[in-house]
Structure formats: structure tokens, C-alpha cells
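Going in written order, the chains are labelled A, B, C and D, and every chain counts its residues from 1.
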Amino acid sequence: MNKKKIINDPVYGFVTIPSAFIYDLIQHPFFQRLRYIKQGSMSHLVYPGALHTRFQHAIGAMHLMSLAISTLRAKDVEISEEEEEAALAAILLHDIGHGPFSHSLEQTIIEGVSHEMISSVLMQQLNEAFEGKLDLAICIFNNKYNRPFLHQLVSSQLDTDRMDYLNRDSFFTGVSEGVISFDRIIKMLYVVDEQLVIEQKGIYSVEKFLIARRLMYWQVYLHKTVVAAEQMLLQALRRAKELAQEGVALFASPALVHFLHQRITKDNFLSDQSHLSWFTRLDDTDIMSAIKAWSTHEDKILRILCSKLMNRELFRTEMRSGAVTATEFQELQKRTQATFELQDHEVDYFVYAQTIQNSAYDPTQNNINVLAKDGTLLDITAASDLSNLDALSKIVVKHAVIYPKEIFN
Amino acid sequence: MNKKKIINDPVYGFVTIPSAFIYDLIQHPFFQRLRYIKQGSMSHLVYPGALHTRFQHAIGAMHLMSLAISTLRAKDVEISEEEEEAALAAILLHDIGHGPFSHSLEQTIIEGVSHEMISSVLMQQLNEAFEGKLDLAICIFNNKYNRPFLHQLVSSQLDTDRMDYLNRDSFFTGVSEGVISFDRIIKMLYVVDEQLVIEQKGIYSVEKFLIARRLMYWQVYLHKTVVAAEQMLLQALRRAKELAQEGVALFASPALVHFLHQRITKDNFLSDQSHLSWFTRLDDTDIMSAIKAWSTHEDKILRILCSKLMNRELFRTEMRSGAVTATEFQELQKRTQATFELQDHEVDYFVYAQTIQNSAYDPTQNNINVLAKDGTLLDITAASDLSNLDALSKIVVKHAVIYPKEIFN
Amino acid sequence: MNKKKIINDPVYGFVTIPSAFIYDLIQHPFFQRLRYIKQGSMSHLVYPGALHTRFQHAIGAMHLMSLAISTLRAKDVEISEEEEEAALAAILLHDIGHGPFSHSLEQTIIEGVSHEMISSVLMQQLNEAFEGKLDLAICIFNNKYNRPFLHQLVSSQLDTDRMDYLNRDSFFTGVSEGVISFDRIIKMLYVVDEQLVIEQKGIYSVEKFLIARRLMYWQVYLHKTVVAAEQMLLQALRRAKELAQEGVALFASPALVHFLHQRITKDNFLSDQSHLSWFTRLDDTDIMSAIKAWSTHEDKILRILCSKLMNRELFRTEMRSGAVTATEFQELQKRTQATFELQDHEVDYFVYAQTIQNSAYDPTQNNINVLAKDGTLLDITAASDLSNLDALSKIVVKHAVIYPKEIFN
Amino acid sequence: MNKKKIINDPVYGFVTIPSAFIYDLIQHPFFQRLRYIKQGSMSHLVYPGALHTRFQHAIGAMHLMSLAISTLRAKDVEISEEEEEAALAAILLHDIGHGPFSHSLEQTIIEGVSHEMISSVLMQQLNEAFEGKLDLAICIFNNKYNRPFLHQLVSSQLDTDRMDYLNRDSFFTGVSEGVISFDRIIKMLYVVDEQLVIEQKGIYSVEKFLIARRLMYWQVYLHKTVVAAEQMLLQALRRAKELAQEGVALFASPALVHFLHQRITKDNFLSDQSHLSWFTRLDDTDIMSAIKAWSTHEDKILRILCSKLMNRELFRTEMRSGAVTATEFQELQKRTQATFELQDHEVDYFVYAQTIQNSAYDPTQNNINVLAKDGTLLDITAASDLSNLDALSKIVVKHAVIYPKEIFN
């Protein structure tokens, strides 16, 4: 009996691992590391169920890719076995370069090195390890392949990445607004001139998908308490790195020690293999075990930030349409300084202003094309009978100001 | 407007936090710690979604308690506000003494100290912190209150603890066999002579509940790969503790250092407050950050166990109805020794035999009583029309033998 | 034991019937009749699961009313027992005057008599039967009560009627786009100056609700195949009535006979109790058993329409943004006449043009008010950060032209 | 673009119609008729959502067949395109001979003619209409094909028929106890020596399936109120047929007229094509429109039975382990006669005793075989570690006695 490995996924039921090569990729330590990196960073502090990982997400997105390929084949789009496996590998590895709490990390301990860059390098290394078997996958991932729809399934405004994360984040947070009809969207996919398009009658489902995405942004990803927790983490890591570089003793796991004690630029990150090697051993447990240990550290700044994170005494975020005024901001700083008895330069770790923006659909790049019944292609904003989608393309900007609640007691 | 705090729970939708006192309990660091302790220990290595925590479970069980109390009141069972809050507090705190990976921990680094014992001590400490407000909750928890049904809702063979964990584990693993009709069961609860009973027409739902529990045992909790992973963790911790006590340098978080370097007996655990204090700072991240760091340790035993855990190269478990024979076991040991080039005494870390047993229903203690239409009470095994439940009361014993897969290559 | 009746509802789980009076209303033949009237008329021909009835919908809406009242009370909005029961009765009976396939019926056999009118009369009759116990319910239903929020829960742009039908139609059709977070919306309801409002943070859920409603309109209620089937039914009933009045023999159930053979105007419908009495005995089975019998009738028009309905050979609907031109329409008529060998005047039964319009939100009446954190009230279109809702208030007009598919063979 | 037709099914999402021939079968009037025959007969009077039809069930079972075939092929079981289409057709048509409210019908108006017999004849007629394209399907249906697993997928103790109806009835009734892990069971199917078997690790899912089936029997199919309603319908039809044959005027649809006024034996049913032809035009609306019309009939027996059915004033069923005694039964008859002022021979229409039996698993026929890891086959009762399944094979007998509630007022 030819047994295929199966993974139990609460979102889709069973996910079949389609080939031995894909199985080997999943088994690789680079990929297993994703088991310990939460997809939603700090959002579990607001939605306690949101502990799902990049591992699950990558597997789920691969499952959707597999459904999409079946659908396209059933509509007589020819896709070779080799192309299929490459597309599956590409989506499986699309997030391989994410570190723990990526956003906070990229601004502190591995400053200036984006996860996309790291993904790219790690894929190359895997390709070497697997003796070139990832050539086509990398080609698709980088949009160099002459059948762009395969790349678009991996990365576009209607890709299997987004479809999975909306589904999954919605499932694990319990925010039912994010539920999308991924099965209907996938059934409506088609390929024209090697470009991914959506059949006319799938238009409502795509609208709903864009709206769900916008809702998830404001209700989960940019939820004000999540924003506060991530800022607190970022500031704690910034403080820890400063202390480490001043030679102050700090508990940290071996991998975290490496990044706290060195000043790594983008250039030397990419040129010195040891950085990458330590990076592939870094996950959420390194950060969280440090935050917990630091919550009794003698440095007051670090101690306050970390103990508040551990005990979920999170800062308050005010989300506004206009920016905070200088006067108001100074008032918040003054109160904070007084409440916590801080030095002038220390107040920056406690009061922050942040600009947040999001648009649900960006018609200027990689637009979503609708295949009308007469065979013409239209941008989805033109195909819809409502001006909704115009609205969804607008960039919404909000201004967050974040400070400790106690200052108004 | 009187605003009640709400928690988003993907299992039940919204959970309302019913009072300020309950909110304060949830905010306490002892309870916040449960955010970082997975309910399912290592089962996420088989069911990747199973990352849910004891925090979520405790909140969920509290929600079911609240539904149960509403149902009983609607049937004219009088329950005072004070009793309600106490029952809610009792179920909320029922697992407060669990450490990370409790089973493995209780056999290694805090040997001989059960989580029940710790729960009891921590509840006392909370009671002091809250100036006696937990008196009645503790009384109910310990079944000293003169209305036993309140204790039975916290802890019995049909309690809100079990109802929540079956629901929750089923939801997060994706094993739909564990789904129970908790709403139907709760609607069928009633109280006779201060004892919890189930109305006759709820009997099928209770049967299904018992069967779901049995299925979840064999399919999740005692899944052979989970059993292997937990043994590997247990052996890694055992080895680490031995090395630590021999003075070998080992990475560990401050809280874990405390437990690795001391030999703590049950007696001194309870008499020396520092042990408990460190215990309340111990969670999954301490264990997992150590396991990861140890996966490159110079000690071969520790290194192999930990790197295999991290890379999910788990041992094989054979589950049998009969015990493994001495000859067979020795053969497995011999092969293991040869494959890994081990000393005689080292093979014990790699080959283990374990007896596993479970019964879905134990009629000898705290049995489930059914209220017949004529008002008489019957044990559920007598009330059912099938001998099924007799079968479910049988203790099933299985024998596991666990060893590295490589020895048969 | 005080036992409350429970109804199993696949949408919400258990629905409790809250009082003896509500139970008696449900048991009344007027209400039991709703068991045999499908909520979705002909939409089951496109969505085979959509067989749910107005009975289930009314019970479900009552359940949501009951949740809404609990939520409001928990926020210290005082609602008396009497007001609660009246609101529950009002929502339970809000559709009591619907006939089978209301839309088609109102244009043919009970021409000019709207279901709202009939609901009103039937409620009065029930009030007499129950000796005035429906006084307050009727007062709330007609928005004559001095606490308008109770009426708004029954009938407004965010009422329990819409919440239930979106949920329910989505559940039974399988169109997941219609799923709304009714629990979240309900939790966000509040009352200011006796008006129903929604808390600021519920705004995304309300947006999603409006969008879901729009999607369900275009994807289900105005689905082009559903539109075709309903037109065919309407034409069949029109033809049958004409034949009956010409004295042609036609099978029909006693209740349907009454309406086919009489010419009933709005005035005599309301003045002659026998019409209403026969109306309360009319349901889907009368219509469908006739359609089936008529599918072998000797009248060609009636036979074709009915046999096509029974065998689901439905006409084609073209849905366009512009109206069909006279030339084009005549061409369709000509082809139809040729294909089916029809007389000039007969072609009207087979080719129809229809204008369809819908807007998701109408800000000009009963607008949805949002309660900002500073206590001010804003229309939801002003409170949202996107111009989406402006878009949703636009009236979308489509032009349908419907004709037999065969004419293009 | 090669477009496959898709059906929206709330249970499975999308169901693809796999071929043009299958589409043609579905479009055939014999199959379209199933749209108007409820799967659950009268059970909607207890579970209002249970209005789903044999049409939906047949489509759903076909979908599961299609999943099963894909799974088996992925395990290298060769199944030709022709075999696939035949298996799909066989399951699609397995219930084609069901009439409305089959159980009641088979005991009254088409006495002695089973739905299996009619299915067989209708399949033959379809085969002629489709010029022999159903040859293999019929061969599989009748278990004459040399690959028995295909028949077993259509009809056995673990067939796609049962899997679908448990899923579907559970979904539409809201009785969550009936939910089965059909996807897991299907993934565990395999074929050994052309026999369908289940892999060892699927054993818990099969146990759960058998238990779910038992629960659905007692909680839905044999629910005492459903049993009462079906008896009332049966008696009403029996009475109507007697009246018709005595020449009493009775409203009935043309198809029902045919069966009420003739005395049809099994032999003449099969020999006279007109009977079958009328039968294929009989559905739930014929029965229900008659019941409603008869609820004001001058015959007292008929009128009482039918008006009680319409107004849901159902008889009481007592379900007991022992049979009712003669004395007790006579007492019920006497009271009934007095309450309704009946003649001696009339009381039989109002008081009935009925024996009900069910076993969840019958090991004596078509047993479910488990494939152990060592390749041996075991009956599931032997393969399970519990004696549960022995219990499930026991035949449970219950005795129902049914009478009007009023007799105890």
C-alpha cells in the first residue's frame, strides 16, 4: 500500500503531504523551527487561542495550493508534476526566514535585515542541501518563471498565503469576521495568458475576502492592545541589547546571546554564516524565556517592561485619526516620568507614537483580474457593481499613542 | 453602562468574565503563568494545532460552570451569588498547580510532588492575598461544602473540567471524535438531595461523552508518538538533572536552574517557600529553551535526546496487549547500544517499557446518577439499555515499548 | 422541577421557549402553518439545503431577541418581564401573514394584498383569541410604544429578524459569505434615550453584517436562477387563475381552489373573513401539489411552465446593468414563439423583463447609530473609517431578462 | 474552459458533479422527484431543521463515494474510469425507489411493495432510457460484480450511504451526537482481496461511527414523538384508503387518487406499468396536501388524525423494555373510546402497540474487517480492545404504546 503521510489540521481536516520530497522539506530543521514561532506574535494576549504557528500556516497554505492546482487542472490548465511540486515547495518555504516576533526583532536585534532577505538565503541553502531540487521553486518564488500564475498563487493579492492566514487566524482567534470562502474562491480561479484570474461569478467571494482581510487587520493584527504589547516587547529588546553591549549581565539563551552581544549589520549578517546559523536556532522560546528572566532584572526599565508583559499589564493605546500633538505627547511623557521616577532619556521606553496604515486592496500592483463572461479581463474594482472596492483601495492611516495606564490614576 | 469584560474563545465564542473578583483572579501572576503552559504537553508534535494552554482551558471550564449554574437555577435549584462565585473560582483555579509538561516534571525535577498538592498550596496563598475571599471556593474544591453538587461540577466524572478539555482538545487537535454535546449535557443536569444528577433523556449524551473521552485517550493523550515524545523529554530532564548535580555546566533559565541543581523532596518543597516561588515562575518556555540549547551539549545522551526532540525525530512506540518479554527487551537494548555506541548504563535513556491504562468510566467512585422519570436514581450503567457502559468501565491496559527507530535500519 | 421546553435548532443549538404564553402562541394553528412555508421560496432549486421554513426563522429570531434583552439588562438597561414577553411575541409573529411563495402570490392569486397587511390582521385575531395578552406586543410591533428600541429590535436595519435570516439562510444554503457575528453584534448593542445603538467597537461587525446582507441578496435571494424559477411560478399561477376563471377544470387543493376561482380585491379580502380563513390554510404543499398536477394539464402554457418547474428545466436569466432594448426583447419573443409554436398573446408567459434593485443600507430611514466613546451618536456611515458604507447605501439596479434556454439551440 | 457543474451543499461545501452522464442522471425526472421527499419523514416535527431530502442525501453519498475512490487510488488500488462512474451512479440511485414517508406508505397504500423492489425496477427503466449505460452500475448495486468492495461502498455496514445520512441528519437536526469523522474513516479504507477493509488505526473512528448510528436511531429515527407522528400518518392513510374504497369522496392529488382507489398487490404493481408511472409522480406534497384537506373531513376518525397531525397535537408514546399487558392496553382503549366517543372497531386508529428494535452492528452479515499491521484481517469486534462492540451487536428491543394524551386529562 502506498501510504501518504497525513497531518491533522483543525482548519481543513486532513492535509496530505503530497510527495517524499515535500516530506523531507518539512522534516528539515529549518522548517521544524517554525513549530516554535507563533504566526500572531503577541496577539494571543488579546485572543488567547491565537497560539498557532508559522509551521501550521505553511502546511495550510500548501494544502490550498494543492487544491488550487487540482481546480485549474480540472479546467484543462496544464500543470506538470514538476511545476506542481515546485509551487508546493515555494509556498511551503515562503515564510522560512521569519524570526520570532519578526516585527520587533527586525527593528532591534537583527536591525535592518528583513525576513524576506533571510527567506531567500535559507531557500538557497536548502537548495544546496537538496542538490538543486528547489531550482524551479525558487524561480517561481522570485517570479522569474514564464508562467506567472504559479508565482501569483504563492504571492499576490489573492494568494494561498493570504487565504490560509485569514482562515487560520480567524479560526484560532475566534473572530468569525475573518472567515472567507476559500473553497469558493479557489473553485473560481482560472488562468488566462498564464495570468491568474477569477471568474466573474467569484467576484462577491473576492470582495468578501478583501473585506475580511481589512477587518482582521483592524480587529486583530492592529488591535490596539496587540500594538501596545508589541511595542513593549520591542522596547524591552532594545533596552536589553543596549545593556548587553554595555556589558551588563543578562540571562539569555545561547542563540539570543549571540544577537544581543553583537552589532550585526545587514552586510555582515549576509556575509558571516555564523549569524545565519544562530538565526536558524532562534524562536519564540528564546525571547519569552528571556523576557521572563528579565522581569526581575536590576535594570528598572527592563524590569518594568518585562514584568508588565509577563503579567499582562499592558500599556494603553489610543488610536486616532490625527497625529498626537507635541504638547499632548510631552504631557504624557511628563506624567510617565513622574509616575515611574525616570530620567529624561528613559521615558522613550514607555511612551511612543506610531503611525499605522493599511489598505485592503492595492490596485496599483498585481491587481486582481476578473474574467468576464465575454472573455475580457477587468480589474476587480471595475468589475464590481459597487464602489466598495474603491473604498477598499484607500489607504487608511491611524495614529497610535501608547503609554502606561498608571499615569492617569 | 455596566461593562463586563469579554474574552474571545474560538471554542465557545464569547466568554463573559462574571465579576470583578474573578477578573482579579485571572489577572494574578499565578493565573497568567498558565498562558505559557500547554494543555496538551507534547501532543502538538502529532496534532500541530494542539498549542492551547491551561489558561484557555480554565477560562473555558469557568464558562461551562456558569452555564451549568444558569440551567440549574432555571430548574429552581437555588444557588446564591456567593456560591456561584465560589464555584466559578474553584473551577478557574483547579489546575493552578500544574507545571510545564507536568507528567515529565513530576517524575524528574520535582520528583514526588503532585500538581494537586501544589494547586492546594497555591490556592491557600491566593486566599491569603485576597483576604479570605476564596474560603468557600476552597471548601467546594475540597468537597467539604454541604452541597456536594457544587464540588461535583468542579470535579467528578461529569464535571465542567472534563467537558471543557474534551471540547477544547478536540477543537485544537482537529480530532472530531472528541466533540461532545456539552450544551445538551448541561441542559440535562439537575440536583437531587444536593447531588448532581442527569435527567433520563440525557443518557445518550452522557454515553457519547464517555466514549468521546475514551477515544481522545487512545487517539490523542496516549497516542504512541506523543507517549514517545514525553518519554524522551522525561529522560532528557532526568539526564540533565544528573549532569547538573555532578556539576556539569548546562544552560538553563533561572527557574529551571533552581530545580536542576537542588534535590527537592516532597517535604522540603512544601516547607521551603523558595521552591514554590521558583515553581510559579516555571513554564513551557523554560523547558523548551533548555531542550533546544542542550541539543548541542557535549554530553552525548543529552544531545541525542534533545536534538531528536527538536527535529521531531521521535522514537518508535510499539503498543501491545501483552508486556514485552525480557529477551525481546534485551535485544532492543543491545541493538540500541550498538547503533549509538553506548555504555551499558546509558541504554536506559533510550529504551523504555511503559504500562498504560485507562478506563472511560469508573463506577466505583463518584458515579454518574441518572434521574428516571419516576424520580428514582440509577447508576448510568444500570440506566442504559446497552451493556456498553459496562464495557466502558473495564480498565484497558496496554504495554508500550519505546526505542529509537534507527536500530532497525 | 421547572421544565422549560427546548427546541433543537441546528443554527443555535438549543432554543429555550421562555414562557407558557409563548409556547401557546407557537402551538396555535396560525403559527404551526409556518412549518410548511419555506423561508427561501424557490431558492432550494439552486441551493438544495434551503428548505428551512418561516417557522424555524421565527423561533430563531425570538432566540436572538432573548439574547439581546439579556445583554441589555446586563448593561443596566431596565426591561420589565412584561416588555420582554411582548418583544418576544412581536418578533415571533412578525411574519405570521406570509403566504407560500409570497412574492408570486401577492402578484397573482391574492393580488394587491401584502403580507404585512395580513400579519397585522392575524395578530389582531390572535390577540382576541388570547384575550388581549398581545396588546403590548402589537404596540411594539407597530412602533407605538414609548421605548422605540424594542421596536427596533423587531424591525430596523439591525434587527433580530435580519440577523436570524442571514445566519439561517447562510447555514442552509451553505453560502458561507452570509455568516455574521450575531453574537458579537448583540453584545455590542446598547440603548441611549430609548433608541437602539451600537457601541463603537462593534462597528466592524455591523459593516460585515451589511456586506453579508448585500452578498446574500445577489448570491441567493436575487440569484438569477432563483429569479427565473420565481417568475415561472408567478406566470404559472397567473395562467392557472385565468383558466380557472374561464371555467377550465384544474386540480387544486380546497384552499387553492378558493383563491383560483374568486377575484379577490384588497377590500373584500379584509372585509370577508372567509378569505382570511382559507388563507390560513394555504401553504407550500397547496402550490407544489398543483404545479405537479398541472405539469400534465392540457393547456400548453400551463403544462410547459409547470413541467419545466418540476423537472428543473429553468429559464435563463441574463442580468445586466442596462435595460434590454425593445429590438432585442422582440427578438427573444419571436424566437420563443417559433420554438414553442405560440400565439402572439401567449409569449408573455415565457419571456419577461424585470428590474431588480437592492441597497445594503439605507441611511435615510431608521439609521444605525454608533455610540462613540465620548458618548456622542453618529450614523454608521460617518463613524466608519472607510467610505465603504457610503458605497453600501447606493441603490444597485440590475435588469433581468428571462427566457427559455431552448430558443438558442 | 472545461466547466464542471457544482452543487452547494451545506454539509460538505461544494460537490462537483463528476461527468456529463452523472449530470444527466441527476436531471432525470425520476431523480428530480427526490427533491420533494424528505429524508427524515416526520422527524421535522421534533427537529424542525430536518427538512432535507433524499435528493440531497443521494448527492452527498455520491460525493463521499468520489472521495473514497480517490483515497483508494492514492493507495494504488486500481479503479477504472468506467468502474468509478458505475459506482457513482449506483450510489446516486440507491434510494430512487423511495416513496414519500416510505414506511407508512409501504404498510398502507402500496401495501407489500418495498422501496428496494421499486428501486430495482426504476434502475432498469433508467438503464433502458440511457441505452445500457447503467449495466455496470446495476451489476455493482446487486453485488454481482467481481470486485465486491465497490458494492460494499454502496451498501454494507460501512457504506457511503450510512456515512452521508449520519452526517446529514446530524447537521440538519442539530443533534451533534451523530457527527462522524467521515473524512478519517474514508482515509482509512483499503481493499484486500477485492474486499473493503479498514486500516487498524481507523478502528476508533469506526467505533464512533457505530455508536453515532445507534444514538441517532434512539434520539432521532425512533424518537418517541416521531414514532407517534408516523403511526398517526399511517393510520390516517389506512383510514383514507378504506373510505375511498367504500366510495366516500376524498380530496387527493391525481397520483394519490390512483393509489387510494385501487387495491394494488405486489404482483400487479410490478406487472402494470401505470402503477409505477403514477408512483414516480408521488411525493411528500401529495400526502401533506391531502392530510391538510382531510383535517376538516366529515369522517371523524380521519378528521381527528389529520387535524392533530397538522396542529402538531401528537399522540403520546410510552417506550418500555417490556410489552404492554393486555389489561393495560384495554384500559387505554377504553379511555380513548370514552374520550372520543368511538365505536368499538374505531379505537384501533387511536391506540397502538409497536415493537421497535435496532442493533448498531450486525456481525453476522457483511462484517467490517480490520486490516491489522501484520496484514491479517479481523472482524472489528475482535480487533477492538473493548467489549463495546459486542454490546453494539446486541439487538435492543423496545415496546412502544401510543395513545392520545387527552385520555389522561
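To be clear about the criterion, a residue touches a chain if its C-beta (ideal position, glycine included) is under 8 Å from a C-beta of that chain, and two chains touch if they have at least 3 such contacts.
The UniProt protein names, listed by chain, are A, B, C, D = Phosphohydrolase.
For clarity, every value in this text was computed on a predicted model and none was experimentally measured.
> Match interface A-B to one of B-D, C-D or B-C, accepting only the pair for which over half of the contact pairs are the same residue numbers.
C-D
> Compare the CA centroid of subunit C (Phosphohydrolase) with every other chain's and tell me the farthest one.
Of all the other chains, the one whose centre lies farthest from subunit C (Phosphohydrolase) is B.
> Can you compute the centre-to-centre distance for subunit C (Phosphohydrolase) and subunit D (Phosphohydrolase), using the mean CA position of each chain? Integer Å is fine.
From the centre of subunit C (Phosphohydrolase) to the centre of subunit D (Phosphohydrolase) is 32 Å.
> Which integer distance in Å separates the CA centroid of subunit A (Phosphohydrolase) from that of subunit C (Phosphohydrolase)?
43
> As a quick test, compute the distance in whole Å between the mean CA positions of subunit A (Phosphohydrolase) and subunit D (Phosphohydrolase).
So the centre of subunit A (Phosphohydrolase) lies 50 Å away from the centre of subunit D (Phosphohydrolase).
> Considering subunit C (Phosphohydrolase) alone, which of its residues make contact with at least two other chains?
13, 175, 184
> With touch defined as at the start, can you tell me which subunit C (Phosphohydrolase) residues reach subunit B (Phosphohydrolase) in the complex?
So the residues of subunit C (Phosphohydrolase) in touch with subunit B (Phosphohydrolase) come to 1-4, 6, 13-14, 16, 74-76, 183-184, 187, 190.
> Can you list the subunit A (Phosphohydrolase) residues touching subunit C (Phosphohydrolase) in their complex?
175-177, 179, 181, 184, 204-205, 207-208, 211-212, 214-215, 218-219, 321, 385-388, 390-392, 394, 396, 398
> Mind pulling up the subunit A (Phosphohydrolase) residues that touch subunit B (Phosphohydrolase) in the complex?
Listed in rising order, the residues of subunit A (Phosphohydrolase) that touch subunit B (Phosphohydrolase) are 7-11, 13, 27, 29, 32, 35-36, 44-49, 51-53, 55-56, 59, 171-175, 251, 253-255, 281, 283-286, 288-289, 292-293, 310-312.
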